[in-house]
Every structure is written in C-alpha cells, then in structure tokens.
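Following this line, the structures themselves.
Heads up, the next two complexes both have chain A, just with different partners, chain B and then chain C.
Up next is the complex of A and B:
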C-alpha cells in the first residue's frame, strides 16, 4: 500500500508537468486542426527554443521568463517562414507528403543542432530548479510551478484569441470548413501563415518553460514528441481545451505510474492509458468526429 | 712465367692477402653499421574515452592522466630499449553508446597502428571496446569495474586494473555497517539507486544478495537508464521509503548532480555510499555544494593516496584542478605499465607486448600508485585481472570532507581518517 503523501506528491508533480505538456500539444493541435498537417518537427522547434533560452541566459543573462518575450515573437516569424517556403508547397499534396516533409525537417534541425551545439547536455541553472515550495507535506518544485502557471496563462491567451478576435474566428472557421471559409471571403493563405506561426510560437514558449527544469540536448524532441501526440489525440484533434486536458492526463499518468513501475517504464503506462481511452472514445475526449 | 715483368710470388701473395683482408673488413664494417631491425621513432598508444555526452568529464580526466604520464616518460628519454622512441597518445571519442565506442576503437586500431590501448571508462562501453581489441589482438588496459570484463571471459589481450564491482559491494556494505556500529546508529532499511550500466548492475546485483543475507531490508530499488532527465520520481520514491542509507550508482556527473540536488530540494539527508569515481570529482563543489557532499563516500578503483602528494602537486599545477581522482591516477598508471612492458619487451610487436604485460611484475615506479602496488607490485592473473599478492585487486574508499574527496581506506593508503557519513 503506497504512502498517501507519496501518492499526493506524485499527483501534484504530474499535474504541474501535465500543464506544460498541454502547452506543447496545443501548437500541434491547432496546426492539425486548421491545416490538416501533422508537424513531426514540432518537438525540434521546441529544442531550438530551449537552446535559444540557454544562450540568452548564459551569454546575456536574460532570465528565462523574460526571454519568452524574445523567443515567442521570433519563433512566430520563423513559423510563418517555414509555412511560406516549405509547408505551403505541399499543402495540397497527399498526407504522406506532409509527413515526409515535416519528418525531414525534424531530421535536419536535429542534426544541424548536433553539429553546432554538440551532444553534451546543457542546463539552464537557476535557483528555481532546485528549490521547492512546501505546501503542507507536499514539495512543489518552483520551476515546475512557474512553468505550469505560465503555461496556463498562455493557453488562456490563445483561447481568448481564438474565441474573441475576428482573426481567431477566421482560423476556427477555416478549421471547420475550408471551402465555406473561402466563400465567406477569409484569406486562407493568411490563416495558414498565422496558424503555423502560432503553432511554432506556442511550442517555443513551452520550450522556454521546459528549459527551466529539463536538460537540453539536440535530440530532446524525442522525449516530448510522442507525449505531445498522445496528448493531442487524447484530447481530441483541434481542441484547445482538449490539448490541455490531454496534456494533464499524460502528466498525471506518467508521474503516478512511477509509484508502482520503474522510472524507465513510465511512458509505457502513458501509452497503455492512451490505448484504453481511445478504445472507449475513438475521437478523443473532446474531439468532434472528422472524416 | 719467368721474366723481368712477372711479379714475384711473394709480392703476389701479399697483394692477394691485402685484398682479402680489405674485402673482408669492408663486408664486416658494412654489416656492423646496418641499422638493427626497423627504426622505431614513436610508439602510438590509443585512448578511447567519452569526450562528448554525459560521460565527457570522465574522458577528460582520463586524457589528463595519460598526458601527464607520457610527458614524464618522453622527457626522461622515451623507451630506451627501443632506442629512445617517444610515446604518442592518439585519442578518440567513444561517444554516448556502446556502439559508438566500439566503432571508435575499431577505427583507431585499423587506421592509427596503435601498439596498445586504454579505455573506455564506462564498463558498458569497455565491454564493447575490449571485444574489438581482443579481435584485433591489441593489448588493452582498463580501469572499469564490471566483473565480466575479465572474469570468465577467456580473453588474452584485456587487462583490468580495478577491483571487481561485486567485490566493491562487499566492502561497501561492510564499511557502512562498521561505521554505523561505531557511531551507535541502526541500519536496517537500505535504498538502492543506480543506473543500468554494467558496473552498477554487478554492484547492485551483489548487494541484493548481501543485504538480506545480513538481515537488512531493501526498501526501494530504483534503476534508471542514463541520461536521466528528471530525478523527481526517484527522489520521491526514496523519500517515501524512509531508508537509513543509500547505495548509489549514477555513473555520470549530470545525472548524479541532478539526483543529489533533488534530494536536497526534498529535504532528504542520508548516508550515501556510491560506487565509482564519478562521485569523487571536483565539479560537485560548484554543482552541488561542499556541505551537501560532506560525508558522502565512494568505492573506487584508485585515488590519490598517501605518499603520492608530489604527483598531485604536479597535476594540480598543470591542469588547475584542485585534486587528483581515479580517472587521472589509473590512466597515469596504465601508461606507465605499458612503458615498463615496452622496455622489457624491446619490441612493438603486439603479441610479445601482450605476453610481457601478462607476466610482468612491476615493483617500483609510478605504476605502483594503484592500490596495493607499492607493497605487492603490479601483476595480472591469467584472466587479465590485476592481483595484489594472492588476492584480486581491492578498491580505495574515498570520502568527501571539507570540499575535497580523500582516500580513507585502506588505512595504510588513507590521507584522512574516515568519519560517519551523516
């Protein structure tokens, strides 16, 4: 019988990490929801954002939360660039082509990073990562708490943008029915540019937050991309709320499973939960049945 | 014929005699001044160590130890029996996996013509690298601990100078219990935290039998695959298990400091005994803090021991590191072992060199810095494992005191007395 404090502690940690997983999944979900593109390179943009955070901190002393203000706009522009010059060329091609292009992009980004930064893991070392806030008998790692709160704020901002602004509604309209949106005069090209830019900007923001507590290396995308995909599909493709909930579920399962399973097996627990939930609700928890 | 132009018989004999002597002499001088055998100017020694990735720090220290020894040897005239041939170190990166280590070793052997090799620090890498060395018949020395590197392997070209992991486990447990008894502290609940690399596997496997045999309980057994990204589950599990002590095997500095810092964050203060020199390096002072390290012990293959302080001074002034640890010490000794073997063999033939190392008994000189070396000399058994007297090589136990790691056991080699870890 596991000690109740231990279980509570694991739940708390899982919740905090899950919020950040939700943010990483959000960008992926929006891109897929609107453009029908599965971006395999999503995790690698996060990796680039992590390196950006590291160098901004170690070379210029910019504290990671502040570098959000630099990294997010930068990666938004980068996302627009990638969409305009790479993704747009294959937007009307079969899904296999999308897959190959983003997979190829992922491989290129990883190996360029490996060549430039080498394999040695880097860490953004701030006192946040090694101090905990004690909440009664629980210890909440400060970096996790900061990342979680920031992730929630960013998710809220994106949700507001998609629901309350004209362009946000245009994006949602395109996701619902591309042809109808075109007929209503919505500039689909511009929607795609902003969507992809937003997707990359969101995952880059997640990268900044994650680098507060996670070591940075060229292949770090691998540690996250599968969890990202699980979170997106679990929550329902194209749903903002779904991505967040999906992320939190992933975080909880990953953390709580280590009470009984060895740390190496925790992702297996995530996949097991994933399969079970999909068997019960194939379109995800908040997903709408798509053709 | 007779006549005024004919040379007399005597003079003819004299001339022929002179010619014979001159020719004979010429031939003799020619052969005497021929160079004997191929001229050896330099002897290449290979070093396969991680230079990138989580174990890069250990590779750096091994390289320092090798360079230090080679500098000394070349400054003193190189290998005299090879006409003053100089030693040249050829270093290659073992990388981050056993596969990358093995291909690095293969590349080194096939393209550089090394006479002998050292590496690759991490037992899991060393197992792969020594398989390559044996296949190419290159004498190879290693400081790695995993039993399977030489025990029962039937290899001829591999020489392992450190104690076996499983022997280290016996000593570590005995040491902990002895200290606890002297302190009047009860040790009943033990936590095991280690990665799944070869040396740690042998250590923990032995402990899993020894601990219950002594009537103690293993309350948590955490095994992880390096590199570790998040120490939270491990630390939470240790905290929840409420152990009295931790046996620890993280093998690389990034993973280890992550775990120790997590322990600090969750207010976990316990006696910790680790296996391996990765726990003894100076970086812990800056990365974790001297007060956190105070009392932590590590069982290692070698360390700077009593009587060798002058060598440490030399090392410190050359490399700027505050003290000398296993990776430097053992690799330094390995180069000197190869040197002594080359002197004795008088040839760079790798099979002859291998035979020489196998039968060697070094009783003086820098190679004897390895534990037991000054008293019993440096020797290997038929499996290639170093023996001290009639026992297998034994370890040095190191303890952090005042921001530095000191040898505390065996007592005759200790530079500081041991204290209770917490």
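Up next is the complex of A and C:
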C-alpha cells in the first residue's frame, strides 16, 4: 500500500489541477448548453492563449496573471468574430455541419500555429512553477495553487454573471427554450455572439493559467480537449457546476492514478473511470437528460 | 419484363466504374497515380463503413479509428508472433474489431447525439495509450519485406495493391448497397429520424444500432490489415491516430451523409488533395497542407451542408 502522505499529496494535487480542468471545460459546456454546438476548436483557442501568454511574458515581461487582463478581452472579441463570420453561417444547419466546421477550424488553427511557431515546445518559466507552499505534511506547487484559485474565481464570476445579471438570465433562457426566449423579445443573435465570445474568453483564461505549469506546443489542444469532453460528459453539458465537478474528477483520477501507473498512462485511468461511470450511471453524475 | 444480363451491367454505374478503374493502370501506371488511387479506394472503404453507423443509423461517432487500429494490430501481431498470413489476420482482425464494437456499443449506445459522438472519441485514445506504452514495445512494428509473397499479402508490383484496394471498395459498395435495400435500413432510418418514436413503435433500437456498429467495425477492422500491408509499418498513431477518425467522419459528411456515392466522392476529393498538397509543401512548410484541408472542409460544409453528392444529384439529374 502506498504511503498515506503520498496519497494525500496526490489528492491535493489532483484537486488543484481539477479546478483548472473545470475552467477549461466550462466554455465548451456553456457554448453547448446555449447553442447546442460542440466546439472542437475550443482546445486550439486555449493553445493560442497559451502562446499569447508566452510571448507577453518573454517579449514584454507581462506576468501571466496580469496577461489575463489582456488575453481574456482579446479572445472574447475573437470569439465574437468567429461566431459572426464562421459559426453563424451554419447555425441553422444540421448538427453535423457544426461539428465539421469547428473540426475544420481546429485543424486550421493548429496547423497555422505549427507553421508559425514550429513544433518545439516552449515553457513560461515563472518563479511560481519552481516553488512550493507547505501545508502540514503536504507540498503544493505554487503555480498549481495560483491557477486553481484563479480558476475558481473565474468560475464564480461566470456563475454570478449567468445567475444574477439580466443578460445572464437571457442566456439561460435561450439555453432552456430558444423559441420561447425569442418570443419574450430576447435578441438571440446577440445572445449567441456573447455566449461564443464568453466560451472562448473562458478557455483563453484557462490557457493563461495552464501555461503557468504546462509546456506549450501547437498540438497541446489534444492533451486537453478530450479531458474537457470527458469532464462535460460526466458533469452534463451546459452546466457550470457540472463542468467544475467533472473537471475535478478528471484531475483527481489523473493525479491519484500516478500512485500505481506511470505518468504517461494517467489518461488511461481517466478514460477507464469515464467508462466505469458510464457503465454504472449512464445518465451521468447529476442525472441530466442526455439528448 | 425480363432484363438481360448485359442490361443489368449497363445499368450498374458502379460496376462500369470498377471496370474502367481496373483498366486505367494499364494506361497510366505512374507510381504516384497508383498511390493516390489506392489510398483513395482505401479511405473510401473506411468512409463507407463509418457511413453505415453515422449515415444510415444516424449515430455520429468520433471513434472509428479504434476498429481500424485493432484490425491493423491484430493481423500484424499474429504475423510477427505466430507467422500467420495477413490474409487470415485480415479476418481475425475484423473479428476482434467486431468484438470490441460489441463492448463499446454496449457502453455508448446508452448515450445520444453529441454525448455519443464525444464518448466514442475516448476509445481510440485509450488504445493509443495502451499500444504506445505497451511493455512489449509495440509502438513501432515493422513488417519484414518478403518480396513477392502473395500468400503473405506482399506483392512485387504496386499495381496489385491498387487492385486489392479496388476489390475491397467494390465488395464494400455491394455490401452497403445490399444493406441499403434491406429491411434493416428502414429501421436505421427510423432510428435516425427519431429514436424515441422508432422505439415506441417497437423497433429494438439498441439491437439495430449495434448491428450497424458491428458491420461498420468489421469493415474498418479488415481495412486496417490492408493499410499495414500497404505501408509495411505500424505505430499507434497510424492505427489509432485522430486523423483516422477525423477522415472517417469528414469524408462521408463532405460527400453526402447516408448516401453510397457520398463517402466515395468525399474520399475522391480529400485524399488526392491531401496527397498533392503534402507533396508540394509537406517538407518545406509543415502544416500548410493541413491548413488547406481544414479550409476546404469548412468552405464545402458552409456552402454545401448537405454534401457534394446530393448537390450534384440536384444540379445534374441523372437520366
């Protein structure tokens, strides 16, 4: 049996990583919940945000947490642009076209990044990544702690926006029933623009945080997009709580599995857990309707 | 009214196409042409197999590489460890893929729509990791070059691979056509239109979705063996890589979901495009050929969401 301190340590690390996974999945989940679109390019926007963080830090010395203030608005606008000029063209077409257009976008973004930045990985090296906070017998990586806390704050702000503001309510009304929302005088086009912008802004924020401790490469999206999918399928697409809980499960399983498995195989544990949960509880953790 | 044999052949446009395609290499035998054509036939088979589940039964899946890769690995390992001919391995591999599809379908058919599509993505990835880090070092397998050994699926001439892949395509088209005209296709269509309604009318939706998946997996598994024999090398990315699943989805949708000609047309557009752009810029500008692929997919799907074949049908009405 593994050393209990080590087990506790992995649980703590898993929790910290999981909170950030929750944020990476949140944008995907909101876009799906409101627009019924699975955005395959979500991970690629995250990759772009990671490069933005890298260059802001290395070229201009902007500390990653400060660059949140630059990256998030920038990607919000980018998301609105993508919605307006690309997604909107197929919004009334069958779901397959949404999948394919975002898949095409993902392929384009990833390979544009490959052409410009080349394949070699880069890292944002801040003092945070190499220092640890001790908490009793546990050592927590500072980069993980900072990313976790920032992710929770951002998740909380989004939750407040959706629940407490007028526009947030309009977004939720559209998610519940598009036609009824339209009849109530909600401008659906604008809701879609803001939703997509918000979804991309959120994943870009997650990208900034992830780059505190994860190497950046053009294909980094594929390390995350599937984990995002797992998190939202477990937690239920379209729910803030679901994305967070799903993300934390992914983080915990990944981290705790390294007690028995080598680090390369940790995602096998995630997928295995995913399969087992599907087997035991096909309706998902919160019993949401899966249509 | 009696239809003569000659008339039946004349009416079968696909048969005419196959005959023409069999003759072409005697005229154009450039190796590059043979390669593009062979790969086009191959991907067309994969697209057609995916289309049984995705197009006919309406279950869009992002996990088709699982079956392709299992077929590829089964026949390769059987040969390398037990010296069993890939011709036998082709069927064993297809069988293994079908067995896996039973398990995968049992798990994922509880989910619908996007949830199903995304869950399927997990399976090739699990297999990719397992084979990448397998203790027996299966991450890079090379087939010994045997020269001219037809019994072991190796031929001196590239022309033979062209013929075999064309035959695989022909068999697949006839199987799909038979399925399309059978009673089972009606159940699939009902499930595709409205699964709940089909279920309430007494259609065993789970069973018919499973049948679609099993046939789909069998063909993809068999094709996996062909592909390994064609390139004579196998690693987890060739087998379970995302590009396999992506092509399997993209080609039928671009060509025309749920049709027989659509997946073939999708392959005939995207495979040569990929090969030509790779040959032109693959070495000098990494990524450019994929950027072009992505842009073409986006443009086609934005302008012709129903797919190329249905649009062509509409514009040029055949006879």
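As a convention for this text, the second predicted complex is superposed on the first by the 287 of 291 C-alpha atoms of A that agree within 3 Å, B and C clash if a C-alpha of one lies under 4 Å from a C-alpha of the other, contacts with A are read in each partner's own complex, and residues count from 1 in each chain.
Note that in this section a contact is a pair of C-beta atoms (placed from the backbone, for glycine too) under 8 Å apart; a residue touches a chain by one contact, two chains touch by 3 or more.
In this text the structure is predicted, and so the values were computed from the model without any measurement.
Trainee: For the combined arrangement obtained by superposing on chain A, do chain B and chain C clash, or do they fit?
Mentor: Superposition check on chain A shows chain B and chain C fit without a clash.
Trainee: Considering only touches as defined above, state whether A:119 meets chain B (first), chain C (second), both or neither.
Mentor: Touch partners of A:119: chain B and chain C.
Trainee: Kindly classify A:262 by the partners it touches after superposition: chain B alone (first), chain C alone (second), both, or neither?
Mentor: both
Trainee: With both complexes overlaid on chain A, does A:13 touch chain B (first), chain C (second), both or neither?
Mentor: first
Trainee: Tell me the contact category for A:271 with respect to chain B and chain C: first, second, both or neither.
Mentor: In the superposition, A:271 touches chain C alone.
Trainee: Touching A:137, do we find chain B (first), chain C (second), both, or neither?
Mentor: neither
Trainee: Using the touch criterion from the header, give the chain among chain B and chain C with more contacted residues in chain A.
Mentor: Counting residues of chain A touched by each partner, the higher count goes to C.
Trainee: How wide is the angle at the Cα centre of chain A, looking out to the Cα centres of chain B and chain C, in steps of 10 degrees?
Mentor: Once the two structures are overlaid, it is 70 degrees.
Trainee: Just to be sure I read the superposition right, which of the two partners does A:73 touch: chain B = first, chain C = second, or both, or neither?
Mentor: neither
Trainee: Chain B to chain C: minimum CA distance in the overlay, Å?
Mentor: 7
Trainee: Does any part of chain A touch chain B in one structure and chain C in the other, and if so which residues?
Mentor: Looking at chain A, the two contact sets intersect at 118-119, 262, 264.
Trainee: Could you pull out which chain B residues touch chain A in their complex?
Mentor: Those residues of chain B that touch chain A are 52-54, 56, 95-96, 196, 222-225, 227, 229-230, 232-234, 236-237, 239-240, 254, 258, 261-262, 264-267.
Trainee: What does chain C use to touch chain A in their complex?
Mentor: By the definition above, chain C touches chain A via 60, 107-108, 110-115, 117-119, 121-123, 125-126, 129-130, 132-133, 242, 246, 249-250, 253-254, 257, 285-288, 290-291, 293-295, 297-298, 301-302, 305.
Trainee: Mind pulling up the chain A residues that touch chain C in the complex?
Mentor: 32, 36, 38, 86, 89-90, 93-97, 99-101, 103-108, 110-115, 118-119, 218, 222, 226, 229-230, 232-233, 237, 262, 264-265, 267-268, 271-272, 274-275, 278-279, 282, 290-291
Trainee: Quick one: in the complex, what on chain A touches chain B?
Mentor: 2-3, 5-6, 9-10, 13, 118-121, 123, 129-132, 139, 141, 213-215, 217, 223, 255, 258-259, 262-264, 266
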